[in-house]
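What follows is a set of structures to go through.
In what comes next, chain A is part of two complexes: it sits with chain B in the first one and with chain C in the second one.
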Partner chain A sequence: MTVRSPNDPVPKSNAVHTGSALLTNDVGLHARPSVKLTQLAKRFGAHVEFARTAAGPWVDAKSPVKVMRFKAAKGETLHFRASGADAAEALAAVVSLVERGFAAEGEDASQPRRE
Partner chain B sequence: MANVGIVIVSHSPKIAEGAADMVRQMVGGSVPLAWTGGNPDGGLGTDVASIIEAIGRAWSDAGVAVLVDLGGAETNSEMAIDMLASDRRDKVVVCEAPIVEGAVMAATEASGGATLDAVRRTAEELSPT
Partner chain C sequence: MERSFTGRPAAPGIALGALVPLAAGGGARAASGAAESEADALRAALSAAHADLSGLVERSTGDAADILEFQVALLEDDVLAEPAFAAIAAGRAADYAWLDAMQREIAGYEGSDDEHFRARAADLHDIRERVQAHLTGTAIETAVPPGAIVVAVDLAPSRFLAIDWSRGGALVLTAGSTNSHVAMLARSRGIPAVMGLGVDLAELSGEALVDAHRGTVIVNPGALTRAQFARDAKAAAATRARASAAAMQPAVTADGTSIQIMLNIADPRELADLDPAICDGIGLVRTEFLFHDRSALPDEEQQYAVYREITEWARGRPVTIRTLDAGGDKPIEGLTPVGESNPFLGMRGLRLSFAHPDVFRAQLRALARAATHGNLKIMLPMVTRPQELTAARSMLDTEVAALRAAGISARRASLGIMIEVPAAAIAADHFDAEFFSIGSNDLTQYVAAAGRDIGAVADLADPVQPAMERLLRFVVDVARAQAIDVSLCGDAGGDPRAIPRLLATGLRSLSMAPASVGQAKLAVAGVDLRSPPAPAPWPK
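And now, the complex of A and B:
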């Protein structure tokens, strides 16, 4: 049994999937994109985190407040890591969201969602 | 179970409606949402009956989180909760959080199917301790 530090919540027994994506949308990870990222991460059972560098510090992608406070700008790279049963799918989904500029699949990113 | 509902209570109907617009645009339609603001004479204020009605419109068996602005909005919301049927009373909480940011954060948490307690904690994470 491996002893984990409290700062490393990813269980060693699970494969950790990692990936990164460049923020290309004009506003970066601001209000609306933050909500989209949180909502997407919450669809998966996997533990999903992201950071400015591959070495962390890591932020819980499912925490609306922590994601909103992250404030990454256009041109920054977001590094992701995911662990758990559906980690591969979760990682692919969040990386794809950033790569699409936070647009829904098939949606124009510049159009705000209407009721 | 359905997602937790969100109610926005402001002294100003414009603030309440505007905050609700932000929730709808940013979070989408998966969260029951209602707003109320202003007194029955059309001035600034809050009204217990209108708050009860708003809670009814946003009702979810998972519970309802209420976001308020200043003083009277909070006391009138608490009074409204006290006047609910006994089986509903325990499923409604007033969040100690800024009204706009709290509503958006609470709704984001709620949209993922979180419990009422988790929704409240997320909204209250915004407040300085």
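And now, the complex of A and C:
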């Protein structure tokens, strides 16, 4: 995982946090994973987005309809960015979820759930 | 003016009644013409659909709940209906705006290269239909008045079961196949059915007379036709009386050979008015329909109650209960995979049970418990390899042992297999099952490579043909050599045309729809096994 905070001295609440993670689960960003991702993102006040490249175009990580339209497959790298009060925590949480293969926290991701 | 249409007879009988069309999707809706009230209508439909789904989620567990939660998540997302609200603001009616927006969303899924995403299109279809039903105010099946002649392009088995047939009526499908499950259900319930009419639904309105022996549907019949119908109805009643008199007699051939006549049922309600003396037992209980009638999978207790009820009805006669045979053309929301390119060759029957071991184990426990109340036997569908039987047997033994260890009364019921996959028929001698039951519907369609749900090739799926006779003879011989019971369940078992040839293969036990017992016993009485019929010829 790579999580970088910008070095410039902007106030923390306005900082844009970025990171990326590789989709390793068999079915990609599919029905169940997309529900997990959006539910997790919604727990934070921060604006959370993701994209195929670090340059965008960016997709709202709180919208299951948009996440499904995005159709990310296994083996793709997802770039995330978050801004707002709890952006750092939000970013760390979503990146970690993808890295765990969408398993629950502490669960073994090497046994992907059947779809 | 009287107009006559002809299709294929799918379930015998005649009926006169009002034609009630069932649309595939939503029905018609009167648009208000005002954007604000159209938007309100869509908002109300969305929230009603959301309430439905949330209720379903609460009553579901496991995979079924996950699927439904996905639908809830999409429905909760304002993004989903945004294009529809935009179209409404631009002057479109709510239902058109909704269907249009969903069509585009669905196209995005169906156009995906990824099979997993394509498969989710079914969830979008579900959402579309659920919201549309609320928009158009069509709680579809309950809108069918009793005794109506239901017309549709095709009809899912679950929708057929949701209709109240207690006061008769008939089923007319403009498409559909006489070998489909809905046709089988119509035969089982004694509902006259004509399929493959090949005309537009709009042609079928008003009153109609259905003659499902000839396959004719006469719309707005004149006085002469009605008079003829009255005579036919009287003759039909006489034939029924003769068959029902025969139904109470034992089935014996002209040379004195006793034949066991068993019942195929899908629901204990079918047994309500039946005297168990009409049969020698139940040869097939199709448990998937228990799963269909509910909004959530039935748990062990619910299943146990139903299996026990059926077993007790039989009063000591054998009752063969088939484990869940979902898949194929019998999907179950949240359990069967969506988007399989060929569901009949996919995850169905025992294969699906192995993929959902919790569901399968709950069913095995319910069966083992019900087995203490009578002569219950367990039958596995879609067995392809001997290892599958071994694996299922070990699961059954484990569950029986676990129940007993917990102090719950259970019996290790006899465990047999359906012979319906050609691999199992051809290598029947490799299976150490405790009994065989030949599933002639599926075996025929797999042997003939002709789908029973595809009208254009349904004629090829004829259970009476040389290839089938050869297989049946072999399976019967294997069963004799292994000293196990062999029966045949499938529509051929109750078909007077097929019965002489089935008995000629050595079969002595046939299982059929309750409505077929009388005619089958009459057909058995006409068979003399001292001069068996010549082998079935290939059709000309």
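Keep this in mind: the second predicted complex is superposed on the first by the 94 of 115 C-alpha atoms of A that agree within 3 Å, B and C clash if a C-alpha of one lies under 4 Å from a C-alpha of the other, contacts with A are read in each partner's own complex, and residues count from 1 in each chain.
We take it that a residue touches a chain if its C-beta (ideal position, glycine included) is under 8 Å from a C-beta of that chain, and two chains touch if they have at least 3 such contacts.
A quick note: this is a predicted structure, and the numbers were derived from the prediction, not measured.
Q: Looking at A:Val65 after the superposition, I want to know if it touches chain B, chain C, both of them or none. Which is it: first, second, both, neither?
A: A:Val65 sits against chain B and chain C alike.
Q: Can A:Val35 be said to touch chain B (first), chain C (second), both, or neither?
A: In the superposition, A:Val35 contacts both chain B and chain C.
Q: Thinking of the overlay built on chain A, is A:Ala55 touched by chain B (first), by chain C (second), by both, or by neither?
A: Neither: A:Ala55 stays clear of chain B and chain C.
Q: Once chain A of both complexes is superposed, is A:Val27 in touch with chain B (first), chain C (second), both, or neither?
A: A:Val27 sits against chain C, while chain B stays out of touch.
Q: Pick one for A:Arg43: touches chain B only (first), chain C only (second), both, or neither.
A: A:Arg43 sits against chain B, while chain C stays out of touch.
Q: Chain A residues in contact: does chain B have more, or chain C?
A: So, of the two partners, C touches more residues of chain A.
Q: Output the chain A positions appearing in both contact lists, the one against chain B and the one against chain C.
A: Residues 31-32, 35, 38-39, 63-65, 68, 114-115, which sit in both footprints.
Q: Report the residues of chain B in contact with chain A in the complex, numbered from low to high.
A: Chain B residues touching chain A: 24-29, 104-105, 108-109, 111-113, 122, 125-126.
Q: Within the complex, which stretch of chain A touches chain B?
A: Going through chain A, the ones touching chain B are 31-32, 35, 38-39, 42-43, 62-65, 68, 112-115.
Q: Would you mind writing out the residues of chain C in touch with chain A in their complex?
A: 66-67, 69-70, 73-74, 76-77, 79-80, 105, 108-109, 112, 114, 116-117, 120, 123, 355
Q: What residues on chain A touch chain C, complex-wise?
A: 27-28, 30-32, 34-35, 38-39, 60, 63-66, 68-69, 71, 73, 114-115
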